[in-house]
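Take a look at these structures.
You will see two complexes here that share chain A, one where it goes with chain B and one where it goes with chain C.
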Partner chain A sequence: MKTTTEQRQHWMSVLAKAPPETLLGLSEDAIKDIHFDIIRAPEVGLTQVRARMGNRGERFNLGDMTLTRCVVRSSLNTVGHSYIAGRDKTHALRAAQLDALLQDPQMGEVLMERVVQPIESMLADARASKQRETDATRVDFFTLVRGED
Partner chain B sequence: MTDSQLQKGFEQPVRDAQQAFRQILKVMSEPGVMRTLDHAGALAELSPAALTTLLSLMDQTTSLWLSPSLNTDPIRTNLSFHAGAPCVNDPTDADFVMARAGELCSLEGLKIGEPEYPDRSCTLVIQLDQLEAGDDQPDLLTLKLSGPGIPGQRMLSLSHPGEALLAYLLERPDPFPQGLDLILVNGTRVAAIPRTTHVEVI
Partner chain C sequence: MYVAVKGGEKAIRSAHELLARRRRGRQDVPELEVSQVEEQLSLAVDRVMTEGSVYDRELAALAIKQAAGDLVEAIFLLRAYRTTLNRFYSSEPIDTDAMEVERRISATYKDLPGGQVLGPTFDYTHRLLDFALLAEGEVEASNTEAVEARVDEAMARVSQLLEREGLMVNEADSGAEPADITREPPTYPCDRSARMQALVRGDEGFLLALGYSTQRGYGRNHPFAGEIRIGEVGVSIVPEELGFEVEIGAIQVSECEMVNGFTRLEGGEVKFTRGYGLGFGQCERKVMAMALVDRALQAAEYDEEIKSPAQQEEFVLSHCDNVEAAGFVSHLKLPHYVDFQSELELIRRIRTADAADNEEDRS
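Our next item is the complex of A and B:
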């Protein structure tokens, strides 16, 4: 099975958002037998985030964010890239290694099951509980017509 | 871009680029002096010294022209990945020219800078088959260098750099301070002949 761009975008996003300790813990076993050549060692830099007002208006510069990126080649001859928010180099390295392995059909299936899916459901749970917490204190504002001119 | 052709650039980008830059500065300011540049490995037909030079000096704002035999997929992919430098199709648009000896048929039209801004000129990086300091190599072409940065004179022996380039060095047609600077690489060695150097063939 050939992986599509969407699939790869999806797992790269999950790996980037994963809490570093969880990611390192879950993936330790899977990568220990594989050799990786480092093509671009983890390096910290800045990227400019751009946005559109209401996702429609003109594009504007929202601000800069710190970013760590890394590129490795695995002994299965796949190349993995990673871009991580923040300055955690071990996280960036591991995410790149996993991206490389996920592109291999056999390894990919196992890793999806053992690493990506657990993290994904964890992130979804965290998001849902945050959502509930926020909803509990929701205030709906409305304004009465005051009758002045 | 084909991912599988990517290879490692510098081990430690900041440190290696600074060290390489220092060596290039040394050979530029003392023409004829030879230094070792091996911070990056060889890349396809590019020698370690050539790749180290390009990775140290180039970024997104410097355009590069590659001679036909070097204009291959792995070289373009890696240079754009590690240095981000745009490749141009016309050498007259380039800030850097990377060529093997003899592949640059004409130096006509290359950027020589402007009288007010002589730094806006093209730097040639030429990969030679042989390059030695001194003049005790009978089968090589020996150049006698003199001028700023050289106490008296210095000898540099090299395999033929190409008719056009040799003619340029001997005639120096561009009015100073305009002109082309030349970096010579071979294997892991580098030497330079900047525009101020007077060149004679022995």
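Our next item is the complex of A and C:
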């Protein structure tokens, strides 16, 4: 089964948002027997962040953010890319390696189950707990009605 | 004019060593870690990221530590570091409609879809010093009542509600490539995209004062805080080698949409006008000030008389950057010995001439 662009976009997004230690821990075993050629060693640079006036109008430049990118080729002959916010080269290298392996049908299935899905549910939990904290500060307005019981 | 002088290397080295010792403070007090600044002085970090123009919490925290808490100096350090990095990409525009909201309030509608969410705010605190913070110890675990899972109601945008009724001027995308003042300094009059970029980087204190001045009558624009949002948004790029959009992570931003006084437009319709503010992290005061100034700077577009400082584009934009401003003020500390000597000579000559004149008058 060939992976679709949507599937790849999805795992790349999860790998980018993963807490680095968790990502490294979960994927250590999976990659240790595979050889990778470094095509573009992890390098740190900037991305200009753009926004829109009123979120609908003309675009403007908000400022830069740091970004680390990396490209590798696996011994399964797949090429993996990573583009990760921040300056963590280990994170970028591992994400590129995983992107390469996730494109291989057999490896891909295993890695989705062992790495991508656990991270995804961790991120969802973190989001939900933050959401609960936020919801506790939601204002409930009372409308005071006079002359009624 | 200043001239180069030689010497003083030893004194300079000693001064830097002394600075490092003073920054460290008393040895019996534990040294501050960068991660502590990042976590516990997060609003300072947010300001340095916004005005330093680099979203990177750790770098901003490091700059604050190195600058001993002088935020303008920290902003300068971050800007300087920024110039050492290559810019690989420009992101797709972030989408604040899709924000994971931590705070969202509106001063124009009490009830609105998605509700009002206060989030972590200094509003409603009594501004009394909390001496409990002087004592060491942990913040008590959350005693917030369990909140019922709420129906996921989409947060409608206040400006959209008004636009839909035709009550407010539209924001529309002409597809124009935005200006980049880091590559090409603005020329006046300039594009609104250049203004926005300059205002994001602009000094919060300066913009706050200008925004305040519009409220006090120097370029009134009758603002309402239509909506303020703080939360995380995803950032995506489209790398050429892939040709599709890739999410690289999320950043926290603050956003303010001001609803400003209505005016009769060219076509004859009466509509509210608007101002926009956006910044990195949690920087509500900054984005409110920015929105006020953004609206003030649209004076020309609405044929308003330009007579107040906040409405003068060149004045605002060429003075709002605190790195530039601090640089030019600081240059006064450089040796002006020769310059001053000639001034001294001149004033002495004039005074001698004056004295001679007075002598003549008397005789």
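The working rule: the second predicted complex is superposed on the first by the 135 of 149 C-alpha atoms of A that agree within 3 Å, B and C clash if a C-alpha of one lies under 4 Å from a C-alpha of the other, contacts with A are read in each partner's own complex, and residues count from 1 in each chain.
Simple rule for what comes next: contacts are C-beta pairs under 8 Å (C-beta built on N, C-alpha and C of every residue); 3 or more make two chains touch, one makes a residue touch a chain.
Here the structure is a predicted model, which means the values were calculated and not measured.
For the composite obtained by overlaying on chain A, chain B and chain C can both be accommodated side by side without a clash.
Of the two partners chain B and chain C, it is C that touches the larger number of chain A residues. Using the contact criterion defined above for the overlaid structures, shared-chain residue A:63 touches chain C, although it does not reach chain B. Aligning both complexes on chain A leaves chain B and chain C separated at their closest CA atoms by 6 Å. Common to the chain B and chain C contact sets on chain A are residues 71. Contact residues on chain B toward chain A in their complex (touch as defined above): 3-4, 6-9, 11-13, 81-82. Residues of chain C touching chain A in their complex: 49-50, 53-56, 58-59, 82, 85-97, 100-103, 110-111, 115-120, 142, 144-145, 147, 150, 157, 159, 170-174, 176-182, 192-193, 196-197, 200-201, 234-235, 237, 239, 241-242, 244-251, 253, 255, 257, 274, 276, 278-280.
On the chain A side of its complex with chain B, the touching residues are 37-41, 43, 71, 73, 77, 79. By the touch criterion stated above, chain A contacts chain C in their complex at residues 5, 8-9, 12-13, 16-17, 44-67, 69, 71, 81, 83-87, 127, 130-139, 141.
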